[in-house]
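Notes follow the structure.
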Amino acid sequence: MADLPYEDLGFAKPDHHRSLRTGFPEVILGQGKTPENLIQITNTQLEKSDCVLVTKASLTMFESLKKVVKDANYDSTARAITIDRRKGTPSVPGVVITTAGTSDIPIAREATITASLMGCRAEEVFDIGVAGIHRLFAALPTLQAATVIVAIAGMEGALPSVIAGLVKAPVIGVPTSVGYGSNLGGITPLLSMLNGCAPGVAVVNIDNGFGAGHMAALIALSAAREEAT
Amino acid sequence: MADLPYEDLGFAKPDHHRSLRTGFPEVILGQGKTPENLIQITNTQLEKSDCVLVTKASLTMFESLKKVVKDANYDSTARAITIDRRKGTPSVPGVVITTAGTSDIPIAREATITASLMGCRAEEVFDIGVAGIHRLFAALPTLQAATVIVAIAGMEGALPSVIAGLVKAPVIGVPTSVGYGSNLGGITPLLSMLNGCAPGVAVVNIDNGFGAGHMAALIALSAAREEAT
Amino acid sequence: MADLPYEDLGFAKPDHHRSLRTGFPEVILGQGKTPENLIQITNTQLEKSDCVLVTKASLTMFESLKKVVKDANYDSTARAITIDRRKGTPSVPGVVITTAGTSDIPIAREATITASLMGCRAEEVFDIGVAGIHRLFAALPTLQAATVIVAIAGMEGALPSVIAGLVKAPVIGVPTSVGYGSNLGGITPLLSMLNGCAPGVAVVNIDNGFGAGHMAALIALSAAREEAT
Amino acid sequence: MADLPYEDLGFAKPDHHRSLRTGFPEVILGQGKTPENLIQITNTQLEKSDCVLVTKASLTMFESLKKVVKDANYDSTARAITIDRRKGTPSVPGVVITTAGTSDIPIAREATITASLMGCRAEEVFDIGVAGIHRLFAALPTLQAATVIVAIAGMEGALPSVIAGLVKAPVIGVPTSVGYGSNLGGITPLLSMLNGCAPGVAVVNIDNGFGAGHMAALIALSAAREEAT
Amino acid sequence: MADLPYEDLGFAKPDHHRSLRTGFPEVILGQGKTPENLIQITNTQLEKSDCVLVTKASLTMFESLKKVVKDANYDSTARAITIDRRKGTPSVPGVVITTAGTSDIPIAREATITASLMGCRAEEVFDIGVAGIHRLFAALPTLQAATVIVAIAGMEGALPSVIAGLVKAPVIGVPTSVGYGSNLGGITPLLSMLNGCAPGVAVVNIDNGFGAGHMAALIALSAAREEAT
Amino acid sequence: MADLPYEDLGFAKPDHHRSLRTGFPEVILGQGKTPENLIQITNTQLEKSDCVLVTKASLTMFESLKKVVKDANYDSTARAITIDRRKGTPSVPGVVITTAGTSDIPIAREATITASLMGCRAEEVFDIGVAGIHRLFAALPTLQAATVIVAIAGMEGALPSVIAGLVKAPVIGVPTSVGYGSNLGGITPLLSMLNGCAPGVAVVNIDNGFGAGHMAALIALSAAREEAT
Amino acid sequence: MADLPYEDLGFAKPDHHRSLRTGFPEVILGQGKTPENLIQITNTQLEKSDCVLVTKASLTMFESLKKVVKDANYDSTARAITIDRRKGTPSVPGVVITTAGTSDIPIAREATITASLMGCRAEEVFDIGVAGIHRLFAALPTLQAATVIVAIAGMEGALPSVIAGLVKAPVIGVPTSVGYGSNLGGITPLLSMLNGCAPGVAVVNIDNGFGAGHMAALIALSAAREEAT
Amino acid sequence: MADLPYEDLGFAKPDHHRSLRTGFPEVILGQGKTPENLIQITNTQLEKSDCVLVTKASLTMFESLKKVVKDANYDSTARAITIDRRKGTPSVPGVVITTAGTSDIPIAREATITASLMGCRAEEVFDIGVAGIHRLFAALPTLQAATVIVAIAGMEGALPSVIAGLVKAPVIGVPTSVGYGSNLGGITPLLSMLNGCAPGVAVVNIDNGFGAGHMAALIALSAAREEAT
């Protein structure tokens, strides 16, 4: 183990071996990094990898990086920086990403971008929360055809449980910090999703669109791998 | 104010005036009372009132009381003692009491008994939680005809929000302590109900079937009063 | 269910059917929306409805919207945008909205505006908290004549319980985030209201004046409907 | 400091000097002690003091101790053991001990016994909670004549705040663990009392009747001392 | 929707349609059910299904049921009752179920039984927690060959994160209530698993072996389905 | 009760009767008030009272008020505005106000100002926390001569307990939000003070110097009153 | 790493290598183990090690084990089983174990036993909490001579901070679950110890005497090792 | 005790004796101090000591101080001001300071600076978190040679437990507030570290690099002292 490759920048040790072990390079959490550190880590990663993802990144971070890395892209809704020098487009289907409301869309977009970089084509269905449950039923054919569903919701967080009662696919719940008062910054939908009465739901951290997209891609890729064999 | 009637038993001051002020005599919380105290309070109340409700009462409490008050009744599901010496049966319609699961039924029964003593006929619809949401839709005609709905749920507590998105009636949410782990003794459905994305829901304490039945009856009686004028 | 009408804007699915189901069009939570999204959602809703309510909206949001929707109004205390193209004025009486202190008034105003848009005339009684309880007794005639009472309080949140011990009407408690230290952003009055010793209280989320006004209007309208039949 | 007197029993170091420093001997918390330890500590204390108080003591503990210390007394409501070999009766007036409900009485009794052993005559007024606030007003003359008031309440814990708005005396609030669900074992009235809108309230731990009685006695004794000079 | 099949027992509405919608019949939570209710629900389900799973069931419950349903089985470690009248044995591979310690085994067994009833063959690897991380490395070949991994841990809950950093398969984390003090009944490993630094982990409720086994089986079955097409 | 005097400003009901009931006029919480509201409330109070206290007030608030009320004063450490048109200086001794560290001084100053306005001369002893406990012992003569002691501390909040073990006077503990991380904005010293092993401590809200000063003054005044009789 | 020695019992994998890596064999947490499992794990460990420690063990567990392992010992205060077949007695000095009260002694004893098995002679000083701080000063010579101090306290948990302000040695704080109400099962002293104003304190889990004794022994042994070189 | 030396600045009482008692002068917490107070306290301390440390200090604070104290230094990563007028360089080896990620470095630097001022040479190993555990194994020789290890981690906080399972040295865990959502500002890694399955870990407050560095230095110095004797 101790001989596996990584780089030692002093302040950081980029894990070039991760891609071999887990199928995807290390993802960079932009939040709290200085632009200088971000540029240095990104450059180091680009020497070994043709694909970089920076999450929770500000526009300012992106603009600093863009000066050095010309082909960097920024999704301002997801607040994600991507650099993708690979050929070809994502091709594995089966990931469906849903939100309860419109305020959950930034987290959904982060999930979509993550899944896309990992080689999965994600279908997005937004604003189907339980307050007007007929909108969810209109999306039922899409949901029932999915290999894996990401269900993103703030407030009471009921969406994953309702969906899981209607489909065969596993559901990844993502609580969001949308709401106020006793929403407790997303703790309420987090607890709600963990206690859903329908099985077939597992949950990631509040506002963690990246984690949900990554998990969904792993599941879809696993299914595709089996198919290929 | 200081001249309003109440009795002074030393250890308790039964509030005989409450019935005039709020339309219903004081209700006795059985939990934590000794049988002796319970008998003394009940007897005092019976001197001024022809109707007594004791909630969260054990079978042992009831058996002690029964020896002294022959017409006391006990509902073992609701764990409620009732004494009702009034003539006539409840007649005000419009209260519908629903549960997400079968484990929520004791709390529902407590609500039904309370509403009934207050003069309301409550319709019960059990086990219509969101894990199998078609069961809820089968009950839609009943729900849409209600004046007020009590929605009782443990686990993720999504029932009140889903119902409120489908009806015109106000919904009283009752979280229950059904569940385990991060259910936190009912805190999770409590928070969930308070953060529901559909308006038209207000919430009472965990496992407080009495409070919900009381609130529902107040609303139904208020509607009936208006009608009568 | 799946055939009920809604619009699909891509990022949002305005629920035009809600008004039929629940008696009132979907309300827009301003918090966290971009001005562009707000304008687009508002315009879509105005095609199907002659009444729009945006809650928790900043002055900036309003000013952007005002340029496009000339008859939009803004209540800076409640931070609410309203557009009302209906004829006639609210007429259903019976809603009384009370506060414990002066800092609770913004939440009260949000409740009043909501009830008003739903066709209810709300009477306001402010600053009658328990620290000087004689002020509450002066308001007793108004409280005892109400069909439903909204009681808004921060700090220890005792107002709903004290009122409910004095009246026949149901009381909707609204905890506010007024206070500091162990007030915990409103969690303390929320818990306090849920544990009130007087029955006849149900509670909505912290600072949720809209939810309380909506609930109160449902109850008043229900009473009025019964009367009309 | 290091030379002040105490005894070293190995497992305990009874602090005989406390009586000199603070005016009252060390009080023994019965909870969690073995009968053997309790007897040994009590005997050691009796060698230096003519007054012992053991709080939160079970009947079994008392019965073991009684065999050895013949003049020990037990109050089964307060769950307190007392041994008092002093001459004369308590004589300092001014302490009033109130409860919101009947279930708070054991804590009140613990406070009364403590104050009594410290030389204060405590007046008890029970069951005057805010659900029937006219009972409180009937007690107003007693409350307004007090030097210090102990206000004991579970559920929403509003009693201290309401009293403090009506009197000149300082109020010691004691939250109790009476209630269920979101009462959280007394945390709710504790928070409520700390956030009361009327100044003149300070709070002790949940169910800590001893601490409240001790604090009240210190205040009453301090007033009496001043008077004497 | 409202026409989908379910049975109405009054106190329960078994959802016979769930098997069609989600691929597996409704699972019965034994906790809190009376033996009578359990027998009635089980019998109703057996009329429509040849497979029943009761989780968190006591030995007493099982013994009552066994008298009526002769082919019921009980796993005392998992506290699970199973009735399986289907022919053939589970055949889909790829599920690996791991625990950090020996005290987590009951939850692991519940997961294994669930996955097995859903047609998946689960491989168990116990006691590989991070305190002696060489034990985990010895299991690496098994982990790297998995389609999906369930990682069960109490205390600090680090196992899912460490595994997810080493494999391509998605990991389902199950916090357990093993521990004491600031373990908070499993809240600590729950929070820990949600904040893991390695992506590819999603989490179910504390002690929810059933939910994890169900989720894992959905993923393995999905992979197998793809393969079959 | 309902006939007691107060003013009705619409948005506020200043309680002119409070001074008679409780011995001190209503205190104004500056936090969250607009300058306009503050001026209006202050002017109304000055018509009936010759003494005003505004707590948690910003410099900006003060500067607005100063333009209208020329004799208003501002203590920038305590963030308190005072207007005192009474003759004579405070004269009742016996209040001692202590802090554990220098960061607790703003809260101490608020307590001192409050006690002073209520007619008590407060002695201040700062920076005697338990990290260097010899500093506390140097202050022992002052502490042992006090009628009542206010002990203000953040971090672990041990000061009230240590003092109470050394003196006869009652101690009012004030937790402050000084600290970081698991200090939880003052919740940690609040809990610590409530659980102190030495009796004779009661606690007010986090950072509530006003409440502590008020409580201390009530106790000192009570002692002085007794003395006068 | 993967080749390091451990045993595979199926349900457990005793880590025989730990002793080499960390200097002490794996310790067995008795809580939650069946007697059968305990016996099997103990026997396996005894094949490779001449020293076993089982913590949080009931008397029943011990009695089962004693039948098989004749030289097992039980400390009923600490609830610890020990088997020690090594020659010679502990010899490294410098560990001092203190408690605030008598109820903390079981945890202290667990620490002493652990340190002793690891080769350290621990000196015990009990009942020196801050309520009677002169008892602590009497122990100052012992404390100032220590290499490392374990400070065990429930309630407000002030002991470690007070000691750390007086000595050069590092202090290991152990919060205990001694107390009631807002003590929160030991969370209050835990938070208090983490926020102590004197540096030189680090904290272990609530009631974790084993962890504290282990940590203290590591420090004392490290000092002794250095000395030896 | 009461005669020990300290200075009385009125608002502060610098504890000049601390250096004698505990081996290191009082450290100044910059957070929340005004520049004026900081300068005054620093100057007072410099009269008695040739070494000053100010933690959590802003650049602005430093710039004000630098004007007066010319030899003050600032580490902008650690946000620490140091003044060191002693001769010679730190010489005691054995402290190793590790971080799980790059965002934990500011806290690590604060620990290093503290240990350095106390006379210890700290070795830093950054970014060895469990997501890529081979990086930790590469550092194993350094870790196994340490006298004491500081392990700093946010997110799930698994680093101290994993390290403690591999070495003989005591480990000081420092949770950091790195993360989002259910990280709860560092509470999650704090709880996680307190519940680690490997013994030999004790924990300091969230983000408390100073406390960890201080504790580590005490341990290393203690070892060195023993060696010297």
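The first chain written gets the first letter, and so on, giving A, B, C, D, E, F, G and H; residue counts start at 1 in each chain.
One rule holds in what follows: a residue touches a chain if its C-beta (ideal position, glycine included) is under 8 Å from a C-beta of that chain, and two chains touch if they have at least 3 such contacts.
Keep in mind that this is a model prediction, so the values were computed, not measured.
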- Hey, which pair has more contacts between C-betas, A-H or G-H? G-H
- If you average the Cα atoms per chain, which one ends up farthest from chain F? E
- chain F-chain G separation of Cα centroids, rounded to whole Å: 44
- Query: Using the average of all C-alpha atoms in each chain as its centre, how far is it in Å between chain B and chain C?
  - Reply: 25
- Note on the structure: Rounded to the nearest Å, the gap separating the Cα centres of chain B and chain G is 51
- Note on the structure: Distance between the CA centroids of chain D and chain G (whole Å) is 36
- In chain A, residues with contacts to at least two other chains: 1, 18, 131-133, 137, 164-166, 181-183, 187, 190, 194-195, 198, 205
- Query: In the complex formed with chain D, which residues of chain B make contact?
  - Reply: 1-4, 6, 10-13, 15, 17-18, 26, 29, 31-33, 37, 41, 56, 175, 177, 185-187, 190, 205-208
- Query: Across the complex, what residues on chain C touch chain D?
  - Reply: 100-101, 129-133, 155-158, 161-162, 164-166, 179, 181-184, 187-189, 191-198
- Query: What does chain F use to touch chain D in their complex?
  - Reply: 1, 18, 21-23, 27, 137, 147-148, 164-170, 172-173, 190, 194-195, 198-205, 210-212, 214-215, 218-219, 221-227, 229
- Task: Within their complex, state which residues of chain E touch chain G.
- Result: 102-103, 105, 126-128, 131-135, 137-138, 140, 178, 180-183
